[in-house]
Amino acid sequence: QTVNLLNVSYDPTRELYREYNEWFAQQWRDEHGQSVNIRQSHGGSGSQARSVIDGLDADVVTLALAYDVDALRQRADLIPADWQERLPGNSSPYTSTIVLLVRAGNPKNIQDWDDLVRDDVQVITPNPKTSGGARWNYLAAWGYALEEYGSEEAAFEFVEKVFANVPVLDPAARGATNTFVQRGIGDVFISWENEAFLAVEQLGRGQFEIVVPSVSILAEPPVTVVDANVDRKGTRAVAEAYLEGLYTDDAQRLAGKHFYRPSNPDIAAEFSDQFPDVNFFGIDDVFGGWDKAQNDHFNDGGHFDTILENIARNR
Amino acid sequence: MSELNTSAQATPVQLNRAAEWQRATEEPEWVRRSLIGIALAFLSAFLILPLLVVLVGAFEQGLGVWYAAVTEPDARSAIRLTLLVVAIVVPINVVFGVTVAWAVAKFEFHGKPFLISLIDMPFAISPVVVGLIFVILFGSQGWLGNWLSAHDLQIIFAVPGIVVVIAFGTMPFIARELIPLMQEQGKQEEEASLTLGASGLKTFWYVTLPNVKWGLIYGIILCNARAMGEFGAVAIVSGRIRGETNTMPLHIEVLYNEYMFTAAFAVSSILTGLALVTIAIKSTVEWLEQRTGVTA
Amino acid sequence: MSIRVDRINKRFNDFIAVDNVSLDLPEGQLTALLGPSGSGKTTLLRIIAGLEQADSGHIEFHGQDQTHEHVSDRGVGFVFQHYALFKHMTVFENVAYGLTVKPRRERPSKEAIRKKVMNLLELVQLDWTAHRYPAQLSGGQRQRIALARALAVEPKVLLLDEPFGALDAKVRAELRRWLRRLHDEIHVTSVFVTHDQEEALEVSDRVVVMNNGRVEQEGTPEEVYDHPANPFVYRFLGNVNLFHARVHEGTATIGDLSVPVPEHHDSQEQDALAYIRPHEIEVLASNESGDAIHAIVKSILVIGPSVRLELQTEHSKELIQAEMSKHQFRGLGLLQGDEAWLRPMQSKVFLQEDEAPAVSGS
Amino acid sequence: MTTLAPSSFLRSSRSRNVIPGFGITMGFSLLYITFLFLIPVGGLLLFTMTQSWDQFWRAISHPQVVASYRLSFGASLIGATINLVFGLLVSWVLVRYQFPFKRLVDALIDLPFALPTAVAGIALVTLYASTGWVGQYFHVYGIRIAYTQIGVVIALTYIGLPFVVRTVQPVLEDLESELEEASAALGASRLTTIRRVILPALMPALLTGYALAFARALGEYGSVVFISGNLPYLTEITPLLIVAKAEQYDYQGAAAIGTVMLLAAFVMLLVINGLQWWSTRRFSH
Amino acid sequence: MSIRVDRINKRFNDFIAVDNVSLDLPEGQLTALLGPSGSGKTTLLRIIAGLEQADSGHIEFHGQDQTHEHVSDRGVGFVFQHYALFKHMTVFENVAYGLTVKPRRERPSKEAIRKKVMNLLELVQLDWTAHRYPAQLSGGQRQRIALARALAVEPKVLLLDEPFGALDAKVRAELRRWLRRLHDEIHVTSVFVTHDQEEALEVSDRVVVMNNGRVEQEGTPEEVYDHPANPFVYRFLGNVNLFHARVHEGTATIGDLSVPVPEHHDSQEQDALAYIRPHEIEVLASNESGDAIHAIVKSILVIGPSVRLELQTEHSKELIQAEMSKHQFRGLGLLQGDEAWLRPMQSKVFLQEDEAPAVSGS
């Protein structure tokens, strides 16, 4: 008989998991003689976590950031506290970063984060309140400014200026990509690296260029089994195998193919041509972990709300 | 003036030219033309152009691509789910619409205006709020969540939840078409039928129903279209499981978010096509009926 | 099938629509319920049909209590003022309806239904409209179809609510003669509602005059016309002139004229009003007998075969109307402004406290 | 006899009317409304009340939320007003004039009812983005439509379009031409006749259509998210904010704002039905 | 202001609604346009008002050509069958409407308007309704308000399209007398449309009888009633009996009875029909003079003040109707089934080829 597995994921992983699911199903059948049917759900990372908390029957979640996954524990006790220790690399089988996507020939001559605060530049990013990717965007910019200008105040001011240049704030990463790519709005799109590649390689060959900023954040999209659900459904084995499979060489290559940075250094090396070197900083180092970051920046009354208020006041 | 008079006298039986005289209920030709022009321009901008966008988008890359997009398994499943939901929701709403219209139109009771307002409410409630309501009620963190999971009942993120929010949002359509119609019809034909010995059910079937047939069909068409097209509420309670809980509008959004614009428009074109076909059927039949002079 | 209406009461909220009405409507007769608007005619008729339930009282058909029977079991034929034909059915289907909705066991065969319907359509002289829809017929034709439809189920009694009310004068006049002839042919006990006194007098075997939910008088058309029981009926059944009079011991005096009123033989010098219809006034060019009422001719109106004079007297607030044939009028040789003398040929005197409120203005 | 009260209640409603079926139709209707509507909506209100007044007030009066009210109500008002004007014009043209493809145009009016709002949103943004079919011509003059408040107004106009037309059309069809003729015969110019005779006669229908279009626009989500820029304080509509709150696990805040929307809708409907009641009571026989 | 209708033609598609009609309507008179349904009365009236345009022909008011004037400039008062009152205005506002829409220069002051409106409302005896809405009035009251509204602008001519058509019999009878009196007071040239011949005869100074878009006859009510120009007019103005007759050199023979018909003095043994109204037939209990027509009494119907007999003769396909007063009838002492003899007091003989098609059934 068939096992059903539900993978609740965030927006930009669609293409990756479509291919990985096929690979895994094949693998599982070969090894266990059992067919597995993997169902996918995609959306903004936060909204997906919310659905799982409210009862969406996910066996595994593969979200954009640890905070959203941790919400499954904090709000519904679906996973144990040590969930992030269960798999290598903070449970992130692949990583990514935030880059800048500009139009072909880089007409606005955008080279680094500093160019995003120029008056003549329009910036596209989704809304950090609802999009996981956007929170990485925000934190990347903040981290850059903190390093460059040395103070929290300066970083605040910098990020405020960036968001003051944002004309459209889509709820999720994919909407923002569409806005920049399809509708031609904005001069620079702060984007997941993988989304940026997708745009350059597939959506509009020759129409876009990737600009790698001097520093950026190391984005670790984590994965986990949803213990409460798999135990109830009796799918733990296959669910765990599904996630562990992500660390196999084949899967790591798939991740690379879909422009995620493989966590396995050997496989990563195979893709070194594809991924430029970036000066990374990590969320734990700069922001003291996701909980604190979320609390300081994104929760109601956090820095981001103040930034929005300031922008509205100055407009 | 004098010239006109003399010519009139010279040939007294000349035909009066229409241009010299303005009918009391009509506007001058130029006003008429401009009004038609403005109205058509407005409708083109707001109705025809979006329609064209969908159709052009759908067929831009040829019929083959269109066909592939609408027969792809996820699309098929979205279509199937949508039709399933419609097949549940529309009949329930027909029954509700007909019964509530019967009660409201044929009987006097206290609180009638209040009841009518209640029926109207879903028109005005944001779909988003509707979705939220059912998450709060049936979500696993919600009030009935524990009980539901204890009994292994899945409402939201499954077909029942989608059915419920769509039924909620489309509740007024049929009732609102029928109530004024039945009120206007009055009770005399029903009374006539009863005096002729017919039972209540026969009276309803042979007399009431044929009289409100077109209102009912129109209501069904609208209810059906709305049920197929409901987005905001479904987006919140569906869980967006590909091939499983994605209705057509959600599937369209998925496709759009996967940069498959042609496919998105192709699936949209099915919904649009269904809407157009039902609208076309409705007006053809109306026209036929007018021509045979049953209503005059 | 005779109809017995026994102490029927009906109120709507606080309004008494039918007030303790009892009636016996004999078998095979055509009875008119006549009364002004709002007098409760429709309500009473609907109670007889079972379309409305009385608050108290009984309805019997041929001695059988019907009070608790449902309308669909009473076997009444009901004809509505606005026809209430089924718009979406052809004339044929309309007339056949009552037969086709019978339970299967009692339902006649298709052929039998067809025959019966065509017979009825012939009866109402509209067999050629069988395949039309009601919308394609004139008002008068529709009303005849409504009648045929009611007759198709062979009702025990036929009830008609202002059947000609929606039709125009000429068609109405034709149709009422037609109804009379039809009734003479089929002889089913019938009750019809009207507020047109001419219609009631011309068509019916019996007239029931209603006012304010009560029966004011009932009897044959001649009885109620010639001997109205009270001022209301007097006024309601036609134009009437009012003269001031004094009544003393069985004699009423209007000016010089004395009229015997034996019914008031015990009155003493009481103010009264004499009711006299326009055609019951004899108009004289000279006061030969010396006991006529003096008047001045104010206007002369020739209406087809008859002539109406308006005359001024001292004994009436308003102008007195007198009617006569053109022939008679020519004999008088009166002109506008001339003097004339009036002598009532027939009259009815009501003491002042008797007088009912005037029939409403319009 | 102990059950006298309920049974006599049922009897009394039946005795007034020989038409059968009151009990069963009324019963089913009430049941359906109760389960599908009253209980859920009551649930939302109860849920809202589980928070303190302070919490509630803070949620609904946050400047960002207030800004979204301003946009939602403002754009809905403008959209409904545009629909009022053009809906009247369109129904006038459809009822009074003859032109080619009239039936087709008439049939198309229902399209916004029928087209899924998401599709509408995507189609509208395709049209009105600065690269779009229409938007590009405005772009030349520096006018942006999509991603601005104008875009919101356009989406809300689109989805409310049928309401005014479909409420006014039947009234206009039934309007006796004699009224206009009477006015003309009394010496009124055509414009005066329209202003003083036709418009007042259409007023109840216009208001109903206006209120329905407004109420519908207020809650609209699917089509607007695509075409509005969703910028907080600027182009963010209230329903989007409700969604955003819910996504951040803030159900109480979402429910609080949802309750405000619910009450607004309720007031709208009360106004509509009140108007209708008032006008039928006053002007019809 | 006199009205001149000059060779007016009007067709709707292929249907000729008004067929070369010319009329002169004298100043200050009340003219009735009388005719069956579809005869073009409304169309003609609307052409006079300027609500409809004639295909050819002219309309003149007091010698001034109005053909190309817009209705709002013709200064006509128009009263519609269904009142066409403005529902959302009070009675006062309705009546004031025509004054308030005048261009500012010509518009009377508020006070003047108020005065004038109240005067008019008094004229129609409805000043107490000023603040009501039309929905709160009865049909008859509404029609009087419609009239007041039309009069407010002091129209040169007043046109009324079946003003009483929507009212019930009793109110209609009252209102037509009221209209007559009103017209006698204000004397504005008026035309009113009706298909009720009694209404036309009672109210108007002149009657224009129309049929199939043409004028069949015009004249005073007495002229058209007493001397109908053709069989159509004869039938249309009231009940009529038809007798088979033969006409030879100025004499018509019905059975034993000879009637002089000088207008047919050159006819030779021609088949003809004699038209005789029910009240123009003298009914005798015995054939004393020997030249009456033999008949059998088939039915006797007492309708209020008069009695209608239906009699069978050999000289008519249908039953003959005779009418007389109850008084006369009593003198005859006839019973159903008795023999009787008929003698026409007045009649009109039309040769067979003259006969127009019968007035339609209903």
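The first chain written gets the first letter, and so on, giving A, B, C, D and E; residue counts start at 1 in each chain.
The rule is short, and it goes like this: a contact is a pair of C-beta atoms (placed from the backbone, for glycine too) under 8 Å apart; a residue touches a chain by one contact, two chains touch by 3 or more.
As the structure is a computational prediction, the values presented were derived from the model and not from experiment.
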item: Set of chains whose contacts include both chain D and chain C; value: B, E
item: Fewest hops from chain A to chain E - one hop per pair of touching chains; value: 2
item: Chain pair with the most C-beta contacts; value: B-D
item: Furthest chain, CA centroid comparison against chain E; value: A
item: Mean-CA-position distance for chain E and chain B (Å); value: 52
item: Approximate Å spacing (C-alpha centroids) for the pair chain C, chain E; value: 25
item: Euclidean distance of C-alpha centroids - chain A vs chain D, Å; value: 39
item: Touching two or more other chains - residues of chain E; value: 51, 70-72
item: Multi-chain contact residues (two or more partners), chain A; value: 53, 75, 175, 182
item: Junction residues of chain D - those touching two or more other chains; value: 16, 18, 181, 184-185, 240, 243, 246
item: Inter-chain touch pairs (all); value: A-B, A-D, B-C, B-D, B-E, C-D, C-E, D-E
item: Residue numbers on chain A that touch chain B, as the complex places them; value: 6, 8, 11, 14-15, 39-43, 51, 53-57, 75-76, 172, 174-175, 177-178, 181-182, 198, 202-203
item: Residue numbers on chain B that touch chain D, as the complex places them; value: 22, 24-27, 32, 35-36, 38-40, 42-43, 45-51, 53-54, 57, 92, 95-96, 99-100, 102-103, 106-109, 113, 115-129, 132-137, 141, 143, 164, 167-168, 171, 187, 190-191, 194, 199-200, 203-204, 221-222, 225-226, 228-232, 235-236, 248-250, 252-253, 256, 264-265, 268, 271-272, 274-276, 278-280, 282-283, 287
item: Sites on chain D touched by chain E in the complex; value: 176, 178-179, 181-189, 192, 196-197, 200-201, 203, 282-285
item: List of chain D residues in touch with chain B within their complex; value: 13, 16-22, 24-26, 28-29, 32-33, 36-38, 40-41, 43-44, 47, 86, 89-90, 92-94, 96-97, 99, 103, 105-120, 122-124, 126-127, 133-134, 157-158, 161, 177, 180-181, 184-185, 190, 212, 215-216, 218-222, 238-240, 242-243, 246, 251, 254-255, 258, 261-262, 265-266, 268-270, 272-273, 277
item: Chain E residues touching chain B - in the complex, by the definition given at the top; value: 6-7, 50-58, 65, 67-68, 70-72
